[in-house]
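Multiple structures follow.
Here chain A shows up in two complexes: once beside chain B, once beside chain C.
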Partner chain A sequence: MLKYSLKRLLHSLVTLFIILTLVFLLMRLLPVEGYYGERADKLTPAQKEAILRKMGLLDPWYVQLRNFYLQLFRGDLGVSVTYRANVPIKEILAAKIPYSFAFGVAALVLSLVVGLAMGIHMAQTKGLFWDKLWTTYVVFVNAVPGAVYLLFIQLYGTSVTRLPMLFDRYNVLSWILPLISMSLGGIAGNAMWLRRFMVDELNKDYIRLARAKGMSSRAIMVKHVLRNAFVPLAQYLPASVLFTISGSIYVESLYSIPGMGGLLVTAISRQDNPLVQALVLIYSSLGIFGLFLGDILMAILDPRIRLERQGGAR
Partner chain B sequence: MSEPVLSARDVVIKFRLRGQTLTAIRGASLDLYEGESVAIVGESGSGKSVFTKSWIGMLDANGWVDSGSILFEGKDLARYKTEEEWLTIRGKKIAMVFQDPMTALNPLRTVGMQIQETLELHQGLRGGEAKRRTIEILAQVGISEPEMRYRQYPHEFSGGMRQRVVIAIAIACNPRILICDEPTTSLDVTIQAQILELIRRLQKELKVTLVYITHDLGVVANVADRVAVMYAGEIIEYGTVEEIFYDARHPYTWALLSSLPQLGIKGQPLYSIRGTPPNLFNEIHGDAFAPRNPQALKIDFVKRPPFFQVSPTHYAKTWLLDPRAPKVEPPEIVKAMRARYERYAV
Partner chain C sequence: MMTSKEKEIIQAIEEKELFTFAQYDAEAAERTGYSDYSYWRSTIRVFLRNKTAIFLLILMTSLVTFTFIQPYLPGQKDPITIHLDPNTGLQLRNHPPDKEFWFGTNSIGQDLWARLWSGTRTSLLIAIIVGIWEIVFGTFVGAIWGYVRPLEAFITEAYNVISNVPTTIILTLVAYILRPSFQTMIIAMCSTGWLGMARFVRNQIIIIRDREYNLASRCLGTPTGRLITKNLLPYLVSVMVMRVALSIPGTIGWEVFLTYIGLGLPLNTPSLGNLLNEGRRVMGAPALRYQLFFPAVVLSVITVSFYVLGNAFADASDPRNHF
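Presenting the complex of A and B:
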């Protein structure tokens, strides 16, 4: 188990290194004009060079890369260049992460509780009315672009129920609509996958044996089906927990929530390299770490993986 | 003979499939007596499994017992509808072992827990007591180092070992009837023999009534006291092992016996029964086997034969036993088997 975890951790670190390096190098391929901001026309060539030199962009690429990693290992994410000039990136993020995180966790809990309950209900009523009704919902959420129905939720949600249109952190009521909007997709996903895994399990032979043993349907559902169906689902749970920190770009901008969503787009369009780099670091480590935790969780739940001699073979 | 443990009478089982109704069991009757071992033989689709599954209420959701009765301990199981009713029987009074042991156990729970579950369910044993009993049962089905095996998962067991565990689950609560539905079909031959021996030993030790479903006549001779032959959803002949092997009366039983590979006879092509079993979606008139029987009588296509008694323990559903029927000789292979039997056995 320890060997398996260490091996997986090593894989994760290598992946992270590759992503960071690639993004760093790709950023260097961008045209330099972006770095001068609005003043570009007024600057003399000498001034332009001075700016590039100050940003370290005139060094050979491997020196730049080395400097970047040295800085990173000291725990320094650098300062923003164009988004908010010379403000430390940690400071920018520290102000935004709490909002995204709070919304993310709340949305996650909601989508887990409602989504899993819905999935169980669907599996139990497979092929009947309720299953079809919830399936319609799942298909709708997956097929219709979020931009369409989220807009309608905001429009009718605020006009019919008189809930506030914009986010106000001192007003609990203003949390309701963004929270629902953020959860709809997660609920649909959780419900769909849990239903699928449960139906898979229900068709297996060991369920027949459990019935022949004289277990009640309810006991079989809880002790055998749900537990086994939860294993494949568990693999993706940590990743979705961690991704909640990154926030929802669209919903945050709809309700003017000062979260982290959307920051990456802004940073890239304004060529704020250090900020982009920092965000890529956060996003990719969250994703990779999430998958790593998923693998570990899966190994804890499934004895067949735990005892596999070639731990990282999958 | 004494009172039967279970008495199934004229059981009709139907399934609804794509808007059509299929009659899988067309009036099957069978009595089981205390401590005996009965084999039910027949080809795939003859209804062997469905018939026995109806005794523990495990028909698929689209199937139901349409008529007939299944008397067990003074109750008619054919009338059982709710899960609560069935839970008083399943696993407790009548247990079942299925065909494929590789997939029959939950891969995520320890073997011990899966046996213990049954004990806790039906015998109210708890904790250490339940564990001790589980380890005893593991040892009883021939698993060595039961304490260590108790904690292991199914993937650490071979196919034969898993079937032993499945059998352990079935016998955990000392059921009165143990149904084994082709328990050795998916195992290799040496393991088959071991499992057969285990089942026979347990049957004697526990004095349980054994119902053994198979399409392998070789196994039948090994395991059963009595044999019931099934065809197209009804039992067409039953008798003791000797009576069925050496004095069969139904043309279908003859055909089955003829298709057994004969040891010591070279150069003969293997016999196979022509045609296919009837379509159970259609109503069947007369003897269901008549269309495949080259020696079928006219009445076989018109009227369903009743059971004719051959001996107090041997009955067959064929018009050939009617006193008015012409004399029809069994096939050569069957006659040869009978001749050999008479020469050696008597």
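Presenting the complex of A and C:
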């Protein structure tokens, strides 16, 4: 198990290194206006060059790359240029992450509890009324872009129930609509996959054997079907937990929640290159680390996995 | 060995009862040696059994057809002409739906009916181009990935690198680096669109590449290219059709998302994303909500239809459901 984990960790680190380097090089393609700050129009070409030189952007690319990694190892993400001029990016993030994290964790718990319950209910009533009803919901949420139905939730959620439209830290009622909006997609996804895995599992021979030897339906569901069907879902759990930090771009901006979600969009529209770079780094690392933890979790839950030959894509 | 008692019993039964000649039945003889199973006929048969799918197929076909012939119908307005109020000479802003403007006008006096169909055309066009790219490039990469072993490690690593970064980030970055336009939108979505397809094709190819008939074919000296195109890919046609059907709602969703975060198409190109964004800006006023409502309904009908049809086709094309 330790050997497997170390191997897997090494692999993740290599991937992370490749991604960081690629992203860094891509960032050199970005419009340089993103480094001048607010007064870009009033600067003379000489001043602009001085700014670029001071930031080390005129050095050869391999020197820049080395400096970039040195800076990164010191845990320094640089300073923002236009979003909040000269404020360290770490400070900006520290103020925003708690909101996204709180909402993210609550939404994750909600979507797991409701989604798994829905999935189990669907598998038990397969082909009957409730299964069809929940399937309609799943299809709708999966097919229609969130940007559309979430808008209507805000529109009618606030006018019909008189819940507050915008987020207010001190008003718990204002948390309800964003929370529901963030969970709908996760509920549909969890329910759909759990139903599929459970139905697959129910068709296997060992279930027939369990029935034949007189096990009760309930025990079969809990001890065999649910347990085995949950393993493939568990793989994505660590990634979902990590990504609660990044927040939901759309929902956070709809309800004006001061979280991480809209930060990338703002950074892009304000052309704040260092901030864009830092955010892309964070999101990519979260993605890789989440998959790594997911694989480890899978190996713990299902011993067959770590015995298989290495390699191959997930 | 038979016991003596069994022998006795058998001898007691008359020859006639033990063995009778069967009548020659031409039909029955045919049945054992010949199957009239046809993959595509069975697929269509199972698909047609699904009433919802047929309804949505008709609805979607008429909607898409109408979208593409709408500009050639008589009496249609131009989607970007700004209409003026004949009495005041000012822009005909937020004119509610009536006989002249079927779906009303938007906040600068453009005809919403014409914009809606023009926007649907744009969004569908993007979705179809990305879908075709997904088939062509995704299948190509997937086939090489699964079949050419020396390249496997390299492509796997490349896949891991791209798929590890969230799609949102890749799309946003590409759209940011290359300034928003129709081409940018397509490039951005093509850069991530092929991933799922490639992985799926690769997994399927790995499953079937070592079956006996392929081994035999290889031994007889069939070139790799022919092996892939003739022996392997026909198995995957149904999967490709399904994935394209499912990728269309996905692409439309990304278009709406990119537009929302300000990296969408320019405003003079109507698209479903642009229309929704315009509608969202005025949704605070209940009288103007028609501007949000019409695009939302058309978009939902299209995305749900493609999604359901894709899944229905996937069920129908699975041979396990054919009997």
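Note that the second predicted complex is superposed on the first by the 294 of 314 C-alpha atoms of A that agree within 3 Å, B and C clash if a C-alpha of one lies under 4 Å from a C-alpha of the other, contacts with A are read in each partner's own complex, and residues count from 1 in each chain.
Just so it is clear, a contact is a pair of C-beta atoms (placed from the backbone, for glycine too) under 8 Å apart; a residue touches a chain by one contact, two chains touch by 3 or more.
Treat the numbers as computed from the prediction; the structure is a model and nothing was measured.
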Contacts of A:Tyr69 with chain B and chain C, given as first, second, both or neither: neither
Which of chain B and chain C A:Lys213 touches, first, second, both or neither: first
Partner contacting more residues of chain A (chain B vs chain C): C
Chain B versus chain C as contact partner of A:Asp205, first or second or both or neither: first
Touched partner set for A:Ala147, first chain B, second chain C, both or neither: second
Partner chain(s) touched by A:Asn228 [first = chain B, second = chain C, both, neither]: first
First (chain B), second (chain C), both or neither touched by A:Arg304: first
List of chain B residues in touch with chain A within their complex: 56, 58, 83, 87, 89-92, 95-96, 98, 100, 103-109, 117-118, 121-122, 153, 155-156, 166, 169-170
List of chain A residues in touch with chain C within their complex: 15, 18-19, 22-23, 26, 29-30, 139-140, 142-148, 151-152, 155, 243, 246, 249-250, 264-265, 268-269, 276, 280, 283-284, 287-288, 291, 311-314
Residues of chain A touching chain B in the complex: 204-206, 208-217, 223-224, 227-228, 231, 301-304, 307
In the complex, chain C residues that touch chain A: 152-153, 156-157, 159-161, 163-166, 168-169, 172-173, 176-177, 199, 202, 249, 252-253, 256-257, 260-263, 276, 280, 283, 289, 292, 296, 299-300, 303-304, 306-308, 311
